[in-house]
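Chain IDs A, B and C follow the sequence of writing; residue 1 opens each chain.
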Amino acid sequence: MMATRRDKAPMAITVFFRVQTKIEKMVDLTQIMDDEVFMAFASYATIILSKMMLMSATTAFYRMTRKVFANPEDCVTFGKGENAKKYLRTDDRVERVRRAHLNDLENIVPFLGIGLLYSLSGPDLSTAILHFRLFVGARIYHTISYLTPLPQPNRGLSFFIGYGVTLSMAYRLLKNKLYL
Amino acid sequence: MMATRRDKAPMAITVFFRVQTKIEKMVDLTQIMDDEVFMAFASYATIILSKMMLMSATTAFYRMTRKVFANPEDCVTFGKGENAKKYLRTDDRVERVRRAHLNDLENIVPFLGIGLLYSLSGPDLSTAILHFRLFVGARIYHTISYLTPLPQPNRGLSFFIGYGVTLSMAYRLLKNKLYL
Amino acid sequence: MMATRRDKAPMAITVFFRVQTKIEKMVDLTQIMDDEVFMAFASYATIILSKMMLMSATTAFYRMTRKVFANPEDCVTFGKGENAKKYLRTDDRVERVRRAHLNDLENIVPFLGIGLLYSLSGPDLSTAILHFRLFVGARIYHTISYLTPLPQPNRGLSFFIGYGVTLSMAYRLLKNKLYL
């Protein structure tokens, strides 16, 4: 790989060059996190995923306080045999949280996938952050509208904002980087 | 970090070298998108995620046209009090779309995760594209089979093709890059 | 971009430099897979996603052996007309597998998203591997507890370990890389 050299000057440069290259390689992976768009995506994605995880805790909370369970082994502490079986039921509030959770999954999964690829496609920083903020805001408002519940079209509107943001990122991604 | 230099020639090279390095660092992140396998993955993943998002719109469409709702606040426009409650019901067609949507989630999430890591593990371009095309084709055919509905084994077959493609990528990934 | 050069020595170096740069660019993408934390994440993520995919096969297995179906087109081989409709029912065991599958989705999606970003944020290798191992172990134990079923708090405990691991990664990620 080394070209033949007859002078001494390049030798020093080559050494310097190799050191530089090695340092560069080591920081290579963390470089991805120095990219502002990617760092913004990482922050917003982590926030919205943590919010989604709260839905599990909310379901568990309502199941415990309302004594509404889906599995026989979960309600043995409340009674034996037939007495326990009466807690195997569905409840409006628990079902509401579960629907909100499933809706989160259905919308956050496309945001994660498309958003990650969109962040790597070199978008404008302010445009990208606008997308991320709108999505995270809309999904948090969606959860509030679903669980309160607020009258429509609060929930419908917040759903469509999140939906539109993801489609907008998908459109920009495919426009720039389509490779089939 | 700089080696001592006594001649002038290397100075020019060093300056040139630094400029080059800086440019390289700036384009570093977009380089990931210059990789053909990754670009192909990004395109197919975005397409299949957009298809999955269509299922939300399809559910909303059937809920509106068939007046089948899951939440009391969604059907207040159709009547007050007890009159509205009759729209809180389940419907075969709506449940069918929801099952198709959940099946999409259950299969597209592993494809996204495993496919992303597989794309980064340096696979052969044509092999990778074959995997992506088969998966996307199979999932689109799965949705058509589920919603029409087509008689079995149309849906079963399309499910197993998508399933097999994801497992094949998982196998190649673990064979090359297992690190526990 | 090229500085004017009057001597011949740098020419050789420039050529060498360009070759080196080109090689570097080509291996750039596979470098991400040379990172030990990322490789470990890829392995554990692939394993847990493959485990999740097994739930689809388990559901299919129970549906076939217990003749419990959700779609009319799935049970035509067992009888015509009204005779087939009796197989459109729900079954405790099938519903149990489906709940375990949905719980997997709800927990593995945040792990994938947060774990990927956490892996790229340059964590300590042993800390990262501890997180991944705990999560994968806890989720496998969760599935065993859910499907056997084992008495509580087996399932509850395994759920909270996986939940805590993901939150711990989210916390470390946001602490280091918050960019809103």
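The definition used in the following text is that a contact is a pair of C-beta atoms (placed from the backbone, for glycine too) under 8 Å apart; a residue touches a chain by one contact, two chains touch by 3 or more.
Listed by chain with UniProt protein names: A, B, C = Microsomal glutathione S-transferase 1.
Everything numeric in this text was worked out from a predicted model, so none of it was measured.
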Item to complete: Taking all residue numbers used at the chain A/chain B interface, answer same if over half belong to both copies and different if under half do.
Response: different
Discussion item. Only C-alpha atoms count here: how many degrees separate chain B from chain C in terms of the superposing rotation, rounded to the nearest 5?
Written reply: 120
Worksheet item: When the centre of a chain is set as the mean of its C-alpha atoms, what distance in Å lies between chain A and chain B?
Response: 13
Worksheet entry | Overlap residues in chain B, where contacts from two or more other chains coincide | 9-10, 13, 17, 28, 32, 102, 105, 109, 112, 116
Discussion item. Can you tell me which positions in chain A touch chain C when the two form their complex?
Written reply: 1-5, 7, 9-10, 13-14, 17, 21, 25, 28-30, 32-33, 36, 39-40, 42-47, 49-50, 52-53, 55-57, 70-74, 76-77, 101-102, 105, 108-109, 112, 116, 133
Response to the item:
Interface with chain B, chain A side, in the complex: residues 9-10, 12-13, 15-17, 19-20, 24, 28, 31-32, 35, 38, 96, 99, 102, 105-107, 109-110, 112-114, 116-117, 120-122, 146, 149-152, 155, 159, 163, 166-167, 170, 173-174, 177-180
